[in-house]
Amino acid sequence: MELNRRNFIKFLVGGVAGIHVTPLPWKLTDDSAIWTQNWPWVPVPPEGAFATESTVCTLCPGGCGIEVRKVDERTVKIEGRTDYPVNPGGPCPVGMGGLQLLCNEDIRFTRPMKRVGPRGSGDFKDITWDEAMEALRGRLAGLREQGRPEALVAIDGSPRGSTQALLLERLLMSMGSSNYTRIPSAEDTFWMAGILMQGNEGPMAFDLENADFILSFGSGLLEGWGAPGRVLNAWGMWRGEQKGKTRIVQVDSRASNTASKADRWVAVKPGTEAALALGLAHVLVTKNLYDRAFVRDHAFGFEPWESSDGKRRAGFKALLLEKYAPSKVSRMTGVPAAEIERLATDFARARAPLALCGKGKGDLNGSLYETMAVLALNALVGGINRRGGVLVHDKLPLDPFAAVEADAIASAGLRKGRLDGAGSATFPFAQSLVNRLPELVLKSRSTPVDTVLVLAANPLYTLPGSGAYRRMFEKVPFIVSFSPYRDETAMMADLILPDHVFLEKLQDVVWPSGLQYPLVGLSRPVIEPLYRTRHAGDVLIGLAKGLGEGVADNFPWENFEEALKERFKGIAEGAPGLTSFDGSTPPWETMASGGDIRADYESLDDLWEKMQSGGLWFRPAHAYGVRNGLFKTPTGRFEFFSTQIELALEEQSQHGGTDEVLARMGVSARGDEACMPHFEEASSGGDPAHYPLILVPYEMINLASGWIPSPPFLFKTIFDNQLLKQDSFVELNPETAAKLNLRQGQRVMVESPAGRIQARVSLFEGAAPGAAYLPLGLGHTAYDEFLKDKGANPNEIIEPARDPLSGLPAWWNTRVRLRRI
Amino acid sequence: MEKGPDHGKHRYGMVIDLDKCTGCGTCAVACAAENNVSVRQDESDKERSISWMQIFKITNGKPYPDTEVSYFPRPCMHCEEDGHGHHTSPCVTVCVATATKLDPNSGIVSQIYTRCIGCRYCQAACPYKARYFNWWDAYFPKGKGLDRYLTPEVSPRMRGVVEKCTFCHHRLMRAKTRAYAEDRREIEEDEYITACTEACPAQAITFGDLNNPKHRVSRLAKSPNAFRLLERLNTKPKVYYLSTKDWVRKLADNYLPDEFKPLS
Amino acid sequence: MENQAHSSDQSTKGGWLFFIAGFIGSLILGWVIFPMALYSSQPQPMNFNHALHMNPDKVDGIEGDTETEKCLFCHQLRDDGTFAGIPRLEKCMECHDDPESPLGSTPEEKDFLTRYVAEEKEIPWLSYYRQPDCVYFPHIAHVKMGKVDCRTCHGDHGKLEDLPAYRANRLTGYSIKIWGERISGLKFNTWDRMKMDDCAECHTKKGHEENNACFVCHK
Amino acid sequence: MTPFSFEWQWNIDYLLFMGLLYLALTIVGCGVGFALLKTVLQLFGFMRERHF
Amino acid sequence: MDSPTHSYGVKRCSPGVFFLWTLPWLGILAWGGLSAVLCLWKGLNQTNMSNVFAFALWIVFDLAVIALGAGAFFTGFLTYIVGKKELKDIINAAVIIGFICYSGAMAMLGIDIGQPLRGWFIFWHANVHSMLVEVSFCITCYLMVLTIEFIPIILENRTLQKVRELRLFGHNLHEIMAVFAATGTFLSFFHQGSLGGMFGVMYARPFAARGGFYIWPWTFFLFVLSAIAAGPLFTILCTKLTEFITRKKLVPDQAVQSLAKISAWLLSLYLVFKFIDTLGWANSLVPKAGLRFMDFYREGPYGFWMVVAELGICGILPAVILMIPKVRQQQGWLIFAGLLTCAGIVLNRFVFIIVTLAIPVMPFDRFWSYLPTWQEWGVGLAVVGYGFLLFSAAYRYLPVFPKEPELNPAAD
C-alpha cells in the first residue's frame, strides 16, 4: 500500500465524492451568488430618518420653490413645492438635478486656494481662510494706499437687486471704485426699455396666466424663459383646464420647442423680430385696431405733435406708416404679408393679448429697440397695466441700505468715474458694460484694472465673444473668484474664496424674472456646508471690516444674515404682503382684488421669522387698469417717442452733431426715428460673401446656460443628434446643407471672423435656411469629466457687436461659414 | 387561476398628455435622481446609457416652416399582456430566473436586480426599449462625493443586471408604511404618485389606479384622445398618451397605408 | 509502468482505503473547517444588557404592556412608519442624561457614559439582523399591522445579558443570522434563519400569499 | 427549483416542465449509477465480467 | 508511428508535428481566454453589445454551433433508436462534434450572461414559461448525456483500457447507450425547438414573432427541422475535413451517403415549411402589426438579399444538389451543398437574432447597427479553436473512426 499515482487519484476521487455530501460546494455556490448581490464596490446608501425641508432654488433667476428630501443629514432628492406660488409643481430639469452640483468634489472648490501654476493651468494650493482673507485684504488695502482704488473691478452675476449684489457694489463704492459691472441679462434690457418708455424702475412683469393671446417674439417659453417653473406650469394649464382659451403664437426662426408646441409658429429671419412687431403695429394702425383711448389719454409721441421749439414732429404712427407696411416687413422678415395682417388682427381682437420679448431664456441681454417695439405693440392694444398685459410696478420695497459714506480716498476714486463708460454720454442708459472691459484692458499697455472680483459669474464661458475675456484675464494682475465651482473663470483666478452652493447658502431671491406680482423668496440653507466654504456675503462684510474705518463704517453688520434682515425692514414697513401660500388659489387669480391685502406679519422680527419657515413674501395684489400717475417719464405718459433719448441726444449734440452721437451709440437710424422703437438691421463683422450663414446660438431648458454648470443627469435628456461624445451639432436646414454638400453627422468647422469651433451637422427641417444653430451650455473647458470637452461653446466664435443705444453685446448676428473636416 | 387584467385589486397606470409635454426632460432627471440611476461620463452613447424615463423626439417631417417637433416620454409600459393573450408582459414571460414579474395586486412589472442573471432576453422581447442593462458598475468615482445623494429607498444596481422603470414602487411602499402608521390600510390617490408625475412642471403626467373609477387616470385613459404605444401588438400597456395631433398619434404605432384614422 | 498488467488487481483493495481516506477527509473539511473559516467574528463596541433593561424590577421607565411594546420603546417606529432600528445615543440619553451620574452600577454603563455620552459619540453597533440592501423590510407592516412578535424573528434576543459577537460571512458580508447559524441549513425555530424562503413561508402560512410578490420586499 | 420552494406553483406548467426535467435527470442518473454499480460489483467479483 | 497512446492499427503523425498543428488553435484559445477573462473581470462593457443589441455575436455563434452540433443527437437517434447500423462508423465523430459544440456553447453562454455566478438561478428560480429556461434545462442535461456518450470513447483509449475499473465502466456505459441516446434525442429535440421558440415567442417583435402549436411557435419546429437537416451535414463536413487533412479515408461512403440522403429530405421538408411559415407570417402577423413584409428589409444593410441568400442560395440550391443521388455521390458537390446548408443555417440564426433586434419596432425609433469588438470575436472563435484542438486530440488518441484501420491497411 504505497502512495503511488493511482492511489493518489483514488484519494482525490474519494475527496471529490465526499465533498459533495458536505455543505461546502453548495454553500459556496450560494454564497458566491450572494457575493455578486453585495459587491463591496456597489454603494449602499445609509438608512436614516427621512425629512423634507423647503427652500427656494437659486440656480437661475426664476426662483422656484423646492423641497429637499433628506435622510439624516444627507440630501437625497430635490422636489417641487406646492406651497410656493411661483411654481405650483415641479422645477426645471436643472433644479431637479441640483444635488449633483452639491456633492461633487471634482467640480467644487472645497476650501480656499491660491494659484501656484501658470494662469489657467488650474494648479492651486490649499490655504486657510485667514490666509485667503488676508491676501485679498492686503491687495485691496494696497490699492487704497496707492490711491487708485478705482483699479478694483467687480464682475457680478448675482441677481439684480439681490443683497449679495448690493454688498459687492457697496464694497467697491466704499473702497472708492465705481467699477462694479454686471453680467448683462434680459433684465437689463427690460429695465432700460421700462425706463425709456414707462419711466418705471420696477421689473418687467408679464401677466401671462391672465392673457388669452400670447405673442412671443423669440422668448423661449419652453426653453427656460422667465421663471421656468412658472411658465411651464402655465403651459400645462393652457393645454389643460384652459384648453383653447389661451392662444400662443411663437415668433422664432427655428422650430424650437416653444415654436412647435405653440398654436402657431411664425417663422422669421433670425434677428428681425422687431421688424415684425412694428409690422403688426402698422396693421393695427391702418386697420384701426389699436386702443385709441389708451393712446390718446396715456401715451406720448404717437400722433404728430409740435415740440417746444416749434418743430413739427411726425411721431410713431407716421414712422409705422412710412416704413413698416406689411409688404415691406415681409421682405425684412420673410413672413408673408397676409400672415402679418392676419396675426395683427388676431392679436388685436383677443380679449387680453400680450406680446413677450427677451431672447431665449433671457440669460443674455436682448435688443433694446426690439424690446421697445414689443412694448409699443403691447401699448397699442392697451396692454399696459391691464389684466393679462404688461404690468407696471415699482421696485420692491427692500431696504437699499444707507448711502455709502465715502472717505477721502474713496471719494477721490469715485470721482474718476466708470471705466466702461456706462452712464456716460455714449452709453447714457447702461448701468454697466462688462463687454467693454476687454478692449479697455487690452488696448492700454498698463492695464487700468488691477484686481478683478468675480462673483456668481463665469464670464469666460457665458459671455459672447468669450475669447476676449480670456485675453483680458491673462493681462489683469490679480483675479479673485468667489465661485464655488471650478469653472473656466476660476481657473484663471489667483485667489479662490469659495462660496457655498445653493442648498448651503442663505440668499434672497428678488422677484423671479417676469413674475406679475412682487415676490421675495428666502433661499435657506437646508444642510450644513459640506466643505470649508464661506458665504460670499460674509466674506465681503469680513473684508470690509478688515479694510479699516473708512470702509468698515459702511458695513455695520456682523454677518450676511444681519444685512439681509435689515433689507426686509423695507418690506415689513411697506405695502402689506403675505408670507405663506396654501396652494389653493393661484395669486394671479386673486390679484385683481387691488391693494386689499392684510399682512400676515406684524413686525420685522415676525416677518423674518415667518420667512424662515415659509421662505416667501409676496403681494398678490395689483391695481389693474390704473394708468393715471403710473408712468414716471418726463411726459408722465407712456412714451412711444422717448423724450429721454431725445434729451440725451440733445445734451451730447454740443459735442458734435446728433448724427455723430448716434453713430457713437451704434444707432443707424437718424433724427426722431432714433427716439422711437424701430428696426435696426443687424450689423455684423462678417462679410456675407465669405461667411454665408448667420449663427444663431440657442438655449435649451435641459442645459444650464448661465454660470451654473449642468448637473450630469441632464445629459440623459440630451439627444445624440445634439451631443455625441465630444461633438455638439450644428443644426442646418436640409436645403442649406445640400447646398453646402453636407450630410447628417458630418464633422465640420464652424468658422467666424472671431474663431472656429468643431461640430457635427444635424439636418433639421425646422432650422431656417441660411442659418446655423448651435446650442449654448456645452463646450466647457473646465469642471470634471462629466462636463469638460463635451461639445462646443458658440460664445467662443461669436463676434459681439454693440446693441444700438444700450451698448450691451449684440450676440445674435455673427456670420459663419462651415468647412468640412 | 389567472385573473383577467381588470380583476386585480389595483392597476396602477399613467397618462401622459403630449399636448402639455414640453420635452423639458424634468421627468427624466427626476426619475434618475429618485431611483439612483447611474450616470456615466459619456451619456451620449444612447445605446448603453440608462434612462428609465426616456424621451424620444419626433418631428412631423414637413419642410420649413411647417416643421413641428413633439416628444414621447417613455417609461416602462408595465404591459398587461405579452401580445399573445397571456396575462403577463412580453418581458415577464421570457425571464429565465423570475427576476421580473407582473404583480397582480398592483399591476406593476417588478424587476429584482439581485435575482437577474443578465441574460438580456427581456430586452430583446421588449419592443419599447424600456429595459436597460448595466454594462458597467454604477459610476461613483472614489473621493468625488457623488454617492452622497443616493437614496436608501432604491437599491443601487450592480453591473450585469437589467433595470427599468418601476413606477417608483418604493413610493407605494412609502405611502403604505405611512398609512400603517396612521392606522390605515388603503392609500389615497395623491399619496402614491411617481417621481416623474410629481416633477413634471407642466403637469402633463397623471398617475393613479386605472381600476379605481375615482382616479383621474381611469377617466383620462378613456378619453377619445387617449392611445398607447404600439397598441396593435396587444401588449396592453398601462401607460396612456393623450394628443389631439394626428401626426403625433400616427407615430405611436405602425400603420399600413390608409389604415390610420385621423381624429379630425 | 511495466508491471501495470497485474498492479491493477493488486491495488484494487488497498486503493479503496485511499478512496475512503479522501472521502472522510473532505467530510471533515466541509463540515468542520469550512464553517469556521467562512465566518468572521467581531465583538460589539460595548455590551448591552437587554435582560436588565427589560426587567421592570431593575429598570423602570421602559414602558409597554406587552413584550413587543417594550421593545418598541427603544427600537422605535418613527412617525412616518419607518423603523429606527438600533437606538441612537439620543434615545439612550433620554434616561442616561447625565454623563456624571450613572443610573445603575454596571461597568458597561460606566463605559457607556464615559466613552460615548460624554464624548457625544454614536455607538458603532453592529446589526445582527440587517437584511441586505436589496430588501425592503417594513417593521410596521409586521409588528403593528401583522401583530408579529419580535421574538418570531429575533428569538430571545431581548433576554440576553450579554451581546454575542457579531459574525459575518466573509464572502457575502451577511450576518450569520440571515443565512442561519447552522451550516446544515436546518431550521427549528422561526428565528433560526431569515432568508427569502423563510419570509415567504411565513406569509404563506398566515394566508398572505400576495405578499410574496417581488416588489413587496425588494427595492 | 423543487416543490418545496415557495416559488413553486402547483399547476400543470410546473408539473409537466419540472417533471420532465427531473425525469431526464433521473434517467441519466440511473444510467450512470447502474454502470457504476455494475462496475463496482464486477470489480469485487460479485458479477461476471463480459469480455468483448 | 505506433505509440501506446494511439489506437491499434492506425498511424499518427509525430508528437512534434502534432504540437505544431495545435499551435494556431492554442493561439486562438489564448485570445479567447484573454477576452473571456476581460469580460468576466471588467464586465460586458468589453463587448459592443448594447441595450439595442442585447443578443449579438455570441448568441449567433451559440445558436449556429448548437444547430450544427445537432448531428450528434440525430445520428445517435438514427443509430441507436432507428437502428441504422452503417452509421456506427460515424457516430463517434458525431458525438465528439456534438460535445464540442455544446460544451463550447455553454462556455460562451457563461460569459454572455451578466452575472455568471448567478447562472444556476435559471434552475433554482426557473420561470417555466420562458423558452430560454427550456433551452437551458435541455442543453445542460443534454451536455451531461453527451459527456456520458463521450466517456466510453475516451475510455477506449489504448492506455486507459489497461485500467480495469475504467475499462469495465466504459463497457457498462456503452451497453446502455441506447437509453442515453433516447434521452438525448428527447432533450435535444426540445431545446433545438425552444431555441427557435425563444424568438417566436417575442410576440412584441413582429419580425420574430410567430403563431404556433400549443405553447410552441412555428419557429420551434422550424429550428428542429433545420438543425437536424444541417447537423448531419456538418458532421460529414468535419469528417471530410479530417480526411482531407490526414489524407486518409476514415468513414465508409455508405455512412456518409446515408446521412446525406436523410439530410436532403429533411432540408427539403424544412424549406417547404419555412416557405409556408414565411408566407403565413407575412400575410397575417405582419399586417396585423401594421407593417408590410418589405418594411423589414428597407433599412440598414439587411435588404431583401438576405431572404434570397438564406432560402435560395443556401436553401433550395443545396437541397436540389443533395436530392439527386448522382450529384450527391460526387464528393465535391456533397461538400459544396454541405457548406451552403451550414452557411444557410448560420444565416438563418443571424437573421433571427441580429436583424430582429436591429429593426426598430416603435415607428419613431431608428435603425441601429452593431460591430463586434475583438473580445467578442475572441470568445466566439475560441470555440472554433477549442473544437479543432479537441477533435484533433480525439482523432489522435481515441478510436474516433472505427473503420480507419480497415480502410487504411498498414503498409508494412
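Things to note:
We call the chains A, B, C, D and E, going by the order they appear; numbering starts again at 1 in every chain.
The rule is short, and it goes like this: a contact is a pair of C-beta atoms (placed from the backbone, for glycine too) under 8 Å apart; a residue touches a chain by one contact, two chains touch by 3 or more.
Note that the structure is predicted; figures quoted are calculated from it, not measured.
Note on connectivity: the fewest chain-to-chain touch steps from chain A to chain B number 1.
Located most centrally within the structure is B, per distance between chain CA means and the overall CA mean. No other pair of chains has as many C-beta pairs in contact as A-B.
Averaging C-alpha coordinates per chain and comparing to chain A, the farthest chain turns out to be D. Each chain gets one centre point, the mean of its Cα atoms, and the points for chain C and chain E are 50 Å apart. Chain A and chain D have centres, each the mean of its CA atoms, that are 76 Å apart. Chain C and chain D have centres, each the mean of its CA atoms, that are 39 Å apart.
Centre-to-centre separation of chain D and chain E, using mean CA positions: 27 Å. Across the assembly, chain C contributes residues 12, 78, 80, 82, 132-134 that each touch 2 or more other chains.
Annotation for chain D: residues 5, 7, 43 touch two or more other chains. Across the assembly, chain A contributes 32, 35-37, 44-45, 47 as residues in contact with two or more other chains. Within the complex formed with chain D, the residues of chain C that make contact are 12, 196-197, 200-201, 204, 212.
Residues 43-45, 49-55, 112-115, 118-119, 121-122, 125-127, 129-133, 136, 198, 201-206, 209, 287-292, 295, 356-357, 361-365, 368 of chain E are the ones touching chain B in the complex. Note for the complex: chain A touches chain B at residues 36-37, 39, 41-48, 69, 71, 74-80, 87, 89-93, 96-97, 99-100, 102-106, 222, 228-229, 232-233, 235-237, 239-240, 255, 257, 260-261, 265, 267, 530, 701-702, 711-720, 723-725, 733, 735, 764-769, 784-786, 790. Those residues of chain B whose C-beta lies close enough to touch chain A in the complex are 17, 19-20, 22-26, 28-30, 32-34, 36-37, 39, 41-46, 49-51, 55, 57, 59, 61-65, 67-70, 114, 137-138, 140-141, 143-152, 156-158, 160, 195, 198-204.
Chain C meets chain B in the complex at residues 77-82, 132-134, 136, 138, 140-141, 144-145, 210, 213-215, 218-219.
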